[in-house]
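In order of appearance the chains are A, B, C and D, and numbering begins at 1 in each one.
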Amino acid sequence: MKEYILLIDTTDAKGLVYNVSKILFANNLNIEQNAEYVDEETKKFFMRSVISGDLNKEILLKELKEVLPAESTIKLTTKEKKDIVLLATKESHVLGDLLIRYIDGELNANIKAVIANHDYLQDLVEKFDIPFHCISAEDMSREEHEELVINIINEYSPELIVLAKYMRILTPKFVQAYPQKVLNIHHSFLPAFIGANPYKQAHHRGVKIIGATAHYVTDDLDEGPIIAQDVVRVDHTYSWQDMRRAGRNVEKVVLSNALQLMLEDRVFVYGNKTVIL
Amino acid sequence: MKEYILLIDTTDAKGLVYNVSKILFANNLNIEQNAEYVDEETKKFFMRSVISGDLNKEILLKELKEVLPAESTIKLTTKEKKDIVLLATKESHVLGDLLIRYIDGELNANIKAVIANHDYLQDLVEKFDIPFHCISAEDMSREEHEELVINIINEYSPELIVLAKYMRILTPKFVQAYPQKVLNIHHSFLPAFIGANPYKQAHHRGVKIIGATAHYVTDDLDEGPIIAQDVVRVDHTYSWQDMRRAGRNVEKVVLSNALQLMLEDRVFVYGNKTVIL
Amino acid sequence: MKEYILLIDTTDAKGLVYNVSKILFANNLNIEQNAEYVDEETKKFFMRSVISGDLNKEILLKELKEVLPAESTIKLTTKEKKDIVLLATKESHVLGDLLIRYIDGELNANIKAVIANHDYLQDLVEKFDIPFHCISAEDMSREEHEELVINIINEYSPELIVLAKYMRILTPKFVQAYPQKVLNIHHSFLPAFIGANPYKQAHHRGVKIIGATAHYVTDDLDEGPIIAQDVVRVDHTYSWQDMRRAGRNVEKVVLSNALQLMLEDRVFVYGNKTVIL
Amino acid sequence: MKEYILLIDTTDAKGLVYNVSKILFANNLNIEQNAEYVDEETKKFFMRSVISGDLNKEILLKELKEVLPAESTIKLTTKEKKDIVLLATKESHVLGDLLIRYIDGELNANIKAVIANHDYLQDLVEKFDIPFHCISAEDMSREEHEELVINIINEYSPELIVLAKYMRILTPKFVQAYPQKVLNIHHSFLPAFIGANPYKQAHHRGVKIIGATAHYVTDDLDEGPIIAQDVVRVDHTYSWQDMRRAGRNVEKVVLSNALQLMLEDRVFVYGNKTVIL
């Protein structure tokens, strides 16, 4: 039987679980997995249900809207692969890791294209028969460059855009074009070491642990809602390049974990934080 | 409003969430937090709901029994502190950690007594005005010793018995007297290094990571359902005593985390595994 | 045979290891363990040798001075317990953890006294027969209060001062009174969340990992050389109080690990960083 | 100036450091980095020095032999890339990870060839212009198959053989052909879950943490000296396939870390354990 994912983001109210499950039951749908979370502070209610059965999407959404508070966000998706576009610059570790997973069939996504502002990664990407677009940023303004990139992205209409160590700073225009659709991996354990050269910053501070953070991109650099983080131990023997090498292992795993959560529709955003069900 | 914890352990069936939430709604009870899990392999369904409102325990349980499969386990508890008894031997790190938390008010339990087979820990325990019972195991059989210990335990009718580095091996009789009520901390990362001297075993094997495991005690030594585990890195410079010192930090934190989960009624057992909601 | 710890902090030069080991050999001293580190960037050389045999401290230091660069720091200590004084405020988890280790004989130190700016912890400390000094900071300036605290500390002439969740901000005067002798545990993973209420800050940022950092106190709040750090995972279900409870486990273990390193004379400081041999 | 790595594995004796550094000094060689370790239990002494200058390998080794105990192992290598051969079966995650690092120039090795007992990975390997040899094991004995594999390996005379999820069990003949030259990644946190299907075993045991272990291959399956290990948290929601997916991230990072240590000549073996300097 076909499976669907029902996502509800609303304000907590009495009888929510009852009302939602009643509708699912009445429509002869089975709940395969269910997860809810109520944030006591904000009174937000989040629910992710994996349901199965025959359903009429319009009817179900209509019935749910009727029992849920006015401003609720209700989504119904399937487990089909999502189209995604990757952006990159020069480093290959995150991109390469995604490509290896991709051809192995592990990634529940279709990588429609890779867009990069250098051509370093062209050979690598083309080995995997994926369209590669090199859009250099030289001799043009940030806005002009972004316009070109956005045009290419939109040819593919991706559901998600993954910044795989894409080092260009995005303008608010880009962010607004794809709200909550842009995933970035920052090579530090946020909120420490935001901005450039976090490994050099970390080395300078003499930390004994470094990390990486996957987050949604917002208008504020490195400030967006955090989806996943992880760390690795370092010590005084590590030059900043050694820290970078160790950190890269964390970057690619964290980015991949965050992407997987997004592909499985497990990530809710409210305020500047995420709830992961 | 008073809060209750509803725990359901049953077989998955269509409409479970609907039927349960319907009864809660009909009884004017609000779901503060809800967590469910369906194990696809075994079709087991687990649910933990924090509910609030005025409820009649007998009526609610009766109504729930009617809509749930025959062999379901349904429990309704409050958030009141549970009475617990600690068993110890000579080592103070786990016991001492619990005592410090206790007088700080962090432990949602009443430590009714400490029972030990040596008197080493008497001074420490009595500093905290907790009854200390020294029951030596010398010059008697294992069964005789256990009988004495069980008699003391039963004076306090605890909900949980915590083996805080209690080094005596328990007989099946003890285990059966307190099914799913005995929490142990084993000083290894199970299933590695079961039995005696796991730090020596770990040192001998030359592992680079050691750990500790909190689990329910069953008839099979160190084989019971695992509740929590954690690890710490070691290296070639560690003697087995160094491993033990590093490991002790893990033991006390893991034991405390597992105990907290149990005190919050978050741990379900099925087969030889746990589901933690 | 008696063991000594030889510590050398100097500028790297050809033949350093040769010259130092030659002197040790000539004095019939055996090297039990040896560790060196050369920082390529700064050309600093650090060495920690555990040596055994009969030695004349003055002669050995004199001979070593002759072969080492002019500005070298050379120390020779034994493995004897160091006298330490603990400072605390209200929280018991770090202090209590040290006290439990202390009476167990694990701490290679003599806890001479506990000084606190509240009397909350008096009962706890006095259970362990350790002098407790309550120096309230009310109705006086920071400097006045510190003067009183310094006077008490100096009665004990400690080698190290451990801030066991001592929440008063220290003035430069205090720091200069005990250069590289004051160990603090900050309840965040520095450099993230410096200052007050790091758990609230962490909760607000929506991080998925929190941590604690043990560091030397310097004039700049939470900016001193880092000695040890560790982390623990959290998620959206954690209130800031839940983060604090999880974080406290990290705080006490990290502080204890850092203290142990200092008691074993393993920590060198240069610039604002540490080298740990 | 050219750098060399001097490796000494011997029995501890008075004056070892002095005698060795004296010879280096006398030969006008500078010690760039030095690390020693004395195992108190076995009295073994290990030393790894990075030295620079003009040296005559034969003369230096001869001089060192004269001052070291009879059965010492003394090696002098350079930092040149080592030739390695990879063995694989069907899974691509470890192999792919190495290939990505390889073309990025991160691996200080020459991957001479990949040998696999299936052709699944042929396309992937040939994208990277590396010779791929498919040697099927069907319709022949284990010994016959190994003979063919050994013959291919020997064409390349590799310094190290990396089993990148190569699932064939090696005979003692293979192991003896390449003593301390065969690196394997086992998909469990040894010594837990040795043998086949460790993820299924882990799932069955209900552990809350899984891991991977990189080790030297010996005659005893999964029993060889451990070089590196790491773990990742799992919970009751993980099927064994979910555990495998999470575990694969650990496998590739651990294997890569272990390989890097071996390529940097940092790994000593004694008994069934490793010392890593």
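Just so we're on the same page, a residue touches a chain if its C-beta (ideal position, glycine included) is under 8 Å from a C-beta of that chain, and two chains touch if they have at least 3 such contacts.
The chain lineup, named per UniProt: A, B, C, D = Formyltetrahydrofolate deformylase.
Predicted, not measured: the structure shown is a model, and the values here were computed from it.
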Path length in steps (a step moves to a chain that is touched) from chain A to chain C: 1
Comparison of B-C and A-B (more C-beta pairs in contact): A-B
Greatest separation from chain A - chain, by CA centre: C
Averaged-CA centre spacing for the pair chain C and chain B, given as whole angstrom: 35
Multi-partner residues of chain D (at least 2 other chains): 37, 40
Interface residues, chain C side, partner chain B - complex: 92-93, 96-97, 99-101, 103-104, 106, 124, 127-128, 245, 249, 253, 256-257
Residue numbers on chain D that touch chain B, as the complex places them: 37, 39-41, 189-193, 205-209, 211, 225-231, 235-237, 239, 271-276
Chain A to chain B touching residues, read off their complex: 14-18, 21-22, 24-25, 30-38, 40, 233
